[in-house]
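Each of the next two complexes has subunit A plus one more chain, namely subunit B in the first and subunit C in the second.
So, the complex of A and B:
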């Protein structure tokens, strides 16, 4: 394993009965980075995360986290990892200050000040009962409890689900603070693409159990181009466009997204014989959605941290 | 210094920062010697990844608009020409192409466009053209 990676997987695969949920996953989270794991529900994100953290046994392949085999983590390895699950489970009868005391008694290293500053950022009173809190506030307490145990790596499975805008900003601020300009590592799965665009260094896109994209966010943006094509038939069906990601129907045209466009792409577009074909600007969100929307699985640029190592 | 960024934009965040600082320097809102917030500070204020700010600052330093002074921070640099004449002309032509095509679509006469352009130039540079 490359010591520069906080997490690394080697052909990680998991079947549930006969269905492959995660397939041949080769993926890495470089130390000090904030990595966004994107994908539709059921794409295998949570299953992959559970295997990386040793909560689920892979059918094939292996993974390492902070230099240890994921399937053989000892308690002293586990305290170096902060993991917040979907839904932010907390004991409903506790008050916020009880959650702090509970964390203090549980973890060998505990940062009390950090707990209260995160809770404050989410606008939560310390005497409030957990069962009274909104979903966003529960997320705040759960995040404060996880981060105050002073982990080296933070893994968050869809923490932004159902959060109000104020809590989402507090979440983003807390994660950037935790990362501390590259001192600590974050892996976050999310559907909130504008939050991902703000805070992440790298993204990985999972489609049907496979990682199709794994690169720096800026690189992702610069390697995807789009054309607006006026044509009576779907230009995507021509089968002639190299690097085609997706072809999306709009009122009077098709928005065609392509990875790594080059001379061959341009000449292929030229040969479509379309009424018109002009280059179109697309947002980060549109580029990600293009990947998620395509049902086909095929090769793409996989310039992942693992491939580079 | 005021910088606002938008997600859901066709322009990447680092490019939005570059464009806004560039505009503030050319319009005189930022002048030589003005200090800029540190990478960490601006990232915190905008709630974005610090590497994004670092990338924007690096580009502006490469272009000679900003300079980093060891231990003191980031400042607006003295105006100097770092591109060759040919490169400057190429960049000017590129900007004119975009501007001219948008202006003509709006159905103004050449004279009207030129008048508006020269008063804008005056306003931006405070030099009567």
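So, the complex of A and C:
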């Protein structure tokens, strides 16, 4: 394993019965980075995270976290990893201060002040019962419990799910603070693309159990391009555009998104015989959605156009 | 650990309330004073009955707590939240076990303690039950707790319901069977549970350990092919459970199989000719019994003589004057003394006088209760070896192993214990006045009453006492040295004339040794099942399982008598279904039985029995071989499907010889089915969990490149110009 990576997987594969959910995953999270793991529901993000943390046995392949085999993590290894589970699970009968006490007794390097400062950032009273808290407040307590254990690596599985904008901002600020020194690593799985764009150094996009994108955010932006093509038919159906990610219909034209454009791409676009073909601006969000839409090949939810195979 | 314990108690203390309600109801419903509605139900059997109920409900309660404690924490979110900390999985399971045991034991011990306190407060003055008799219920509850770790173990091992969850649950629940089996032995033998309790504790420890292993090693949703647990504890529990499951299934199959056997079933009584000692199987035809008001004396009796090597024929009408008499057993139950043992309730005495009933207390006292008011029986007298005492306190010199002689002795209640034979006389006009006579003083192994043949003297009964190596016959004499006396009312003689009894005031009676013969060493026993005096000698029935009969002549000769065995088709061992019993269970059972018999000097009998039943044994062996072969075929297919290697497969095939039909179930429990898919290289099915194809050795191909991959590391170079 490369010591510069906090997490690394080697051909990680997982089947549920006869259905592959994660396939031959070769993925790495460099130390000191914030990595956003993106993908549609069912793309395999949570399954991959569970395998990385040893909560699920891979069908084949392996993974390492902080230099340890994921399937043999000991308690002393786990305390170096903070993990906030999907849905912000907390014991409903506990009060916020009980959560702090529970964490204090079960983590050796517990930072009490940190816990209360994060809880305070989310505006939560310490005597409140967990079952009374809103989803955003529960996320705050969950995040406080995870970060206060002083981990080297933070793994968050869809932490922004159902959060209001204020809570999301508090979450983002907390993560940036956590990574402030550059010595700590964060892997965050999320559907909130603007949050990911704001806080992450790198992104990885999973489509149907495979990682199609794994690079720095800037590189991703630089290697995705789009053209606005005026045509009566879907240019994507021609099958001649190399690197075509997705095409979808706008009011009078088609927006064609392409990865790794080069001369061959331009040549292919010329040969389409379209009325017009102009380079178009594409946002980060549109680029990611173009990838995610590929998993719905037959009938895309954006336009109804067929994506190229 | 402290935090885990607090968490477990906080989450599960509520089940204590449920347990307290359930077991308080059980304890309350068992209060003898509440249950007594008539003298006929004057048998609470608190140690046996309550133990069974507490054991059964306790097992269910323990299993439920285990499920409730585990199911919640095994969901993905809670599991990650709990386990992703600086705690070991073993600490989590141990905290669950401690909490579960605390809640469980408190739920049971608190109500039962109140019951014991109640019994102590009321005392034997009105309830023939001692507080100590509650103790076996607590032991039963302890035995039943094994279902708690079993529930944790089963839930931790969950991939799919069939194959990796359901089968272990069924088999693991079945493990509770042996523990309840232990307990039933415990009830009947005080000494045995001292041996069984450590064995049970070891079993409990193994199951707890398996639960910890299951929690640690078995993921919430392990992939096919890796669901097989590692470690002998998990596999050991599964193998044991599967064996017990198989035996239970055979038990269920057995009556179904035997119901297809066509045979005439006819109840018969075994009677003996009082002149010659020959056995007769006699019966009253059902159609005769249906006729109005027929008693045995007036009904036509059918029967046939029992002879060696002669198949029984249709019963013939027997002449009424045939001097047949049924044997009297001593009704000996191996009731050992001990504080936790039950009292025995005597119905015979109750029938003689419905206002009184008596109890043989396990401590060795005979307690007599007045039941004028059935709901409030009152202790009337305490009888011990010294005589009859008022019910103030327990006097000294209790009986040792007190038993009642079956049938009345001269219409008197007669008892014997290890130190003598006693008779209890009750005043005819004042029943509360009683006297105890010691007829025989000395070591006694068994005592029987036997009528003298009517050709000699009617109304004469003799006392037959078995002592070490000797049978002694006593005459029962009154102060006039006459045997022709009785304490009961008169009866009708053979000629129809009413014969009044010689009944006097309380008079001295004594037993005079009439004759004694030595018991041959070949049949010497601590106890005979039954004994009858005939003019040819004593007919004794052995207490051993085959209940053989012997005629001990007065001259010391021994003759084995034929025993009817074909009248009733109840040969359980001969049932073909018994061939399904796994040899690993059946052979030790047969051997232990053989050793047991050999110790009693009956080894040759077993060999003879096997030789006699040669055809049956051959049939069973044949069926067994067929089923072992069938098991091998099934196991081979199952193992191939699960991708088990050649050597291991051969080992399991060999194991079929030991485990028999249980082997497929064991394999299903231990190994999950391996999923295969078509190899992209050679096209043959290959296991999805292996890196290389078993057929062609090729690795799995990397994912197809779509030309849209964006990587910034060298491992997966960016394809250009797809």
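In this section, the second predicted complex is superposed on the first by the 293 of 309 C-alpha atoms of A that agree within 3 Å, B and C clash if a C-alpha of one lies under 4 Å from a C-alpha of the other, contacts with A are read in each partner's own complex, and residues count from 1 in each chain.
Heads up, the rule we're going with is that a contact is a pair of C-beta atoms (placed from the backbone, for glycine too) under 8 Å apart; a residue touches a chain by one contact, two chains touch by 3 or more.
For clarity, every value in this text was computed on a predicted model and none was experimentally measured.
**Q** Check subunit A with both subunit B and subunit C modelled on it and let me know: fit or clash.
**A** fit
**Q** Is it subunit B or subunit C that touches the larger share of residues in subunit A?
**A** Looking at subunit A, the partner in contact with more of its residues is C.
**Q** Which partner chains sit in contact with A:234 here, subunit B, subunit C, both or neither? Use first/second/both/neither.
**A** In the superposition, A:234 touches no partner, neither subunit B nor subunit C.
**Q** Between subunit B (first) and subunit C (second), which does A:281 come into contact with in this model arrangement: first, second, both, or neither?
**A** first
**Q** Check whether A:14 is in contact with subunit B, with subunit C, with both or with neither, and answer first, second, both or neither.
**A** second
**Q** Which partner chains sit in contact with A:164 here, subunit B, subunit C, both or neither? Use first/second/both/neither.
**A** It touches nothing on subunit B or subunit C.
**Q** Taking the superposition as given, does A:270 touch the first partner, subunit B, the second, subunit C, both, or neither?
**A** neither
**Q** Please indicate which partner A:86 is in contact with in the superposed arrangement: first for subunit B, second for subunit C, both, or neither.
**A** After superposition on chain A, A:86 lies in contact with subunit C alone.
**Q** Considering only touches as defined above, state whether A:176 meets subunit B (first), subunit C (second), both or neither.
**A** So A:176 only meets subunit B here.
**Q** How many Å separate the nearest C-alpha atoms of subunit B and subunit C in the overlaid structures?
**A** Once the two complexes are overlaid, subunit B and subunit C approach no closer than 17 Å between C-alpha atoms.
**Q** Touching subunit B in one complex and subunit C in the other: list those residues of subunit A.
**A** none
**Q** Quick check on the complex: what are the subunit A residues that touch subunit B?
**A** On the subunit A side, the touching residues are 34, 169, 172-173, 176, 181-182, 193-194, 197-201, 218, 221, 281-285.
**Q** Per the contact definition, I'd like the list of subunit B residues that touch subunit A in the complex.
**A** Those residues of subunit B that touch subunit A are 7-10, 12-14, 39-40, 43-44, 47-52, 55.
**Q** Along subunit A, where are the residues that touch subunit C in the complex?
**A** It comes out as residues 11, 13-18, 23-24, 26, 28, 50, 53, 55-60, 75-76, 78-79, 81, 83, 85-87, 89-91, 93, 101-103, 105-108, 149, 210, 212-216, 219-220, 223-224, 242-245, 259-260, 262, 264, 291, 294.
**Q** Show me the residue ranges of subunit C that touch subunit A in the complex, using the header's touch definition.
**A** 2-4, 7, 10-11, 76-81, 83-88, 219-226, 675, 677, 688-691, 700, 702-703, 706-713, 715-716, 718-722
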